[in-house]
Amino acid sequence: MRKCVGVVDTTFARVDMGSIAVETLEKHLPGYKIIRHTVPGVKDLPGAAKRLLDTGCEGVITLGWIGGREADKLSYLAASVGLILVEILTGKIVIDVTVHEDEAPGDPEKLKSIAVDRVVKHARNLALLLQRGPEALVREAGKGLRQGYPDVGPL
Amino acid sequence: MRKCVGVVDTTFARVDMGSIAVETLEKHLPGYKIIRHTVPGVKDLPGAAKRLLDTGCEGVITLGWIGGREADKLSYLAASVGLILVEILTGKIVIDVTVHEDEAPGDPEKLKSIAVDRVVKHARNLALLLQRGPEALVREAGKGLRQGYPDVGPL
Amino acid sequence: MRKCVGVVDTTFARVDMGSIAVETLEKHLPGYKIIRHTVPGVKDLPGAAKRLLDTGCEGVITLGWIGGREADKLSYLAASVGLILVEILTGKIVIDVTVHEDEAPGDPEKLKSIAVDRVVKHARNLALLLQRGPEALVREAGKGLRQGYPDVGPL
Amino acid sequence: MRKCVGVVDTTFARVDMGSIAVETLEKHLPGYKIIRHTVPGVKDLPGAAKRLLDTGCEGVITLGWIGGREADKLSYLAASVGLILVEILTGKIVIDVTVHEDEAPGDPEKLKSIAVDRVVKHARNLALLLQRGPEALVREAGKGLRQGYPDVGPL
Amino acid sequence: MRKCVGVVDTTFARVDMGSIAVETLEKHLPGYKIIRHTVPGVKDLPGAAKRLLDTGCEGVITLGWIGGREADKLSYLAASVGLILVEILTGKIVIDVTVHEDEAPGDPEKLKSIAVDRVVKHARNLALLLQRGPEALVREAGKGLRQGYPDVGPL
């Protein structure tokens, strides 16, 4: 069976992060089958990630979009716990990407560019970890890398 | 055995969201048996969802109503974690709908219309995912869809 | 074996909610054996509920009392997650009742009456769910029922 | 095999609560073997408690010390969830004692006396529950007992 | 098979804490194989720790770096719950080290020295617990030890 990697995104997001992830993974993981699963919102991501991993995928990238209300922040927390739990229970890699609307209030262009950059960089992270194993990112350890922003570098 | 889908709602809610969900699911999921389970409040939803799924239902929609006190927000968080956990442990779909009283303070008509719109749209989401599988919502991915409000669209 | 239902309360509480629950359950669940388990505080409730359910009880009512400090609110959150988890893992009903000291600051009589009303109504909820199953409360769904306060009714 | 009870404390704490717990448990649980496990901080308590219970102990008392920073409060929450989970998963009793530095800012003597009183009373609670079972504390239910402070009594 | 211990760090961190941990563990745990796994950020730590422990390691040290935004604090909470869960589920030791950017705002040198000191001391804690067992740190219990800062001592 062909190796498989999953992409989970939402209809709530205001940028089609799923397509960007698919494109980036295709480039970095030739030969992998990419399965996409779209759900309504961020709280639906962990269950969807679990279902994809249960079908045999080796890893998943999840793409959440977080609104600015207090309830959204709590949803972010609940989803984060859930995604971590999926990773613990399956033993597989889940790269959890989120964009927060309050990162660029009133500046949709900036928010969009944050989203694009973050997805591209994290899809690459997922690909590297799947291809080269646990030590794939060691040479970048402690380097102050950022996704969605320029790297800040080591102190 | 006939396919089954569950509706879990509360006596705490101020809108009969359960009936709206049943009606919408009947329209979109002909042939499915719909089981309804009403519990007191939002923290009772995850256990009730789990019990319905254990009886063989393929998916559940849960309908929570969140008061405006600080304790209610913490209850929202606990319930959200629980519902995510149910989805992870069962491998089945749980669509988690909540209406927050502070979405429309002092405007009961608006709050009611938010509740109705949100339930209808999310019951449709559940039906689509059950009928067409993980890719059912891909064409709506990143479109800035909202439930309870008009869609905001992509950036 | 006689059917069994559990009551878990605390020494921290300032109202003997456990006795009220026992009395109410005796009235509504004739023939059931009622097992009571008292623990120090709210964070001890989930473990105690789990132990009672493991002895064969069909359901449990837990009775927490939440102080007004910030740490108490975090304890409330942790306990709520725990009680939801017990319900998910056992497949049995846990009705989680809490009284928050900041519901009636400086008014002990009011706080006491909130506690009594809340326990009586939720013990009845537990009894109905155990006796009549998942649909027992459907006719009260969305009715804006409150425990500890008068019902607020539907919108 | 001799019955066993565990004591888990930290190097972070500013009072040797572990020794107080050991002493109190020796008095109240003659014949029990007491195993002590010291870890760095509050987030290490749940794992340590689980390891002690896995060696066959019947119950554990954990002794946490919570600093005053925001991160400490979040650590308190995470540890509380963890300890509750240990109790749920093992079916054994975990008495979770914490002292919060902001209970007596600038008054080390008071903080120390809070810690001592709290440990002594909770070690007694653990001993009673282990010796006399779930109903051991029923006569103290709803009595407004406090640990670290004088009891406040029932309303 | 040679005994094994894991080091998990991130590319988000601004100090190469992983190398410091490896060096310290090599000194204190001669004969142990040290496996390093670098992941993007703090929410990726629990899954990575679980994967290392599943390969047979006896313990893991995780090295998180927490930004100053509200979302970062929630990520810290989610990661903390996850790491505690890994420890509970595996029965093995996870020493969870985090550095918070708001510990030394505007003072990178101080932040760096906090990070170095914290990693060195906690790597030693892990080594002691692995070599000497649950009682290894008992003589330091309640001594007000701090990592990243000078010890504050007992009250």
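The first chain written gets the first letter, and so on, giving A, B, C, D and E; residue counts start at 1 in each chain.
Throughout what follows, a contact is a pair of C-beta atoms (placed from the backbone, for glycine too) under 8 Å apart; a residue touches a chain by one contact, two chains touch by 3 or more.
Just so we're clear, the structure is a prediction, and the values are computed from it rather than from any experiment.
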| item | value |
| --- | --- |
| When chain B is superposed on chain D by its C-alpha atoms, the rotation angle in degrees, nearest 5 | 145 |
| Centre-of-Cα separation between chain B and chain A, whole angstrom | 24 |
| Between chain B and chain E, centroid-to-centroid distance (C-alpha), Å | 39 |
| Interface hub residues of chain D, defined as touching at least two other chains | 77, 81, 85 |
| Arrangement of touching chains [line / ring / star / complete / other] | ring |
| Cyclic ordering of chains (reference chain A, direction chain E) | A, E, D, C, B |
| Of all residues in chain B, those that touch chain A in their complex | 66, 73, 76-77, 80-81, 83-85, 87-88, 91, 93-96, 98, 100, 122, 125, 129, 134-138, 140-147, 152-155 |
| Chain E residues within the chain A interface of the complex | 9-19, 35-40, 43-44, 46-48, 50-52, 54, 70-71, 74-75, 77-79, 81-82, 85-86, 89, 108-109, 111-112 |
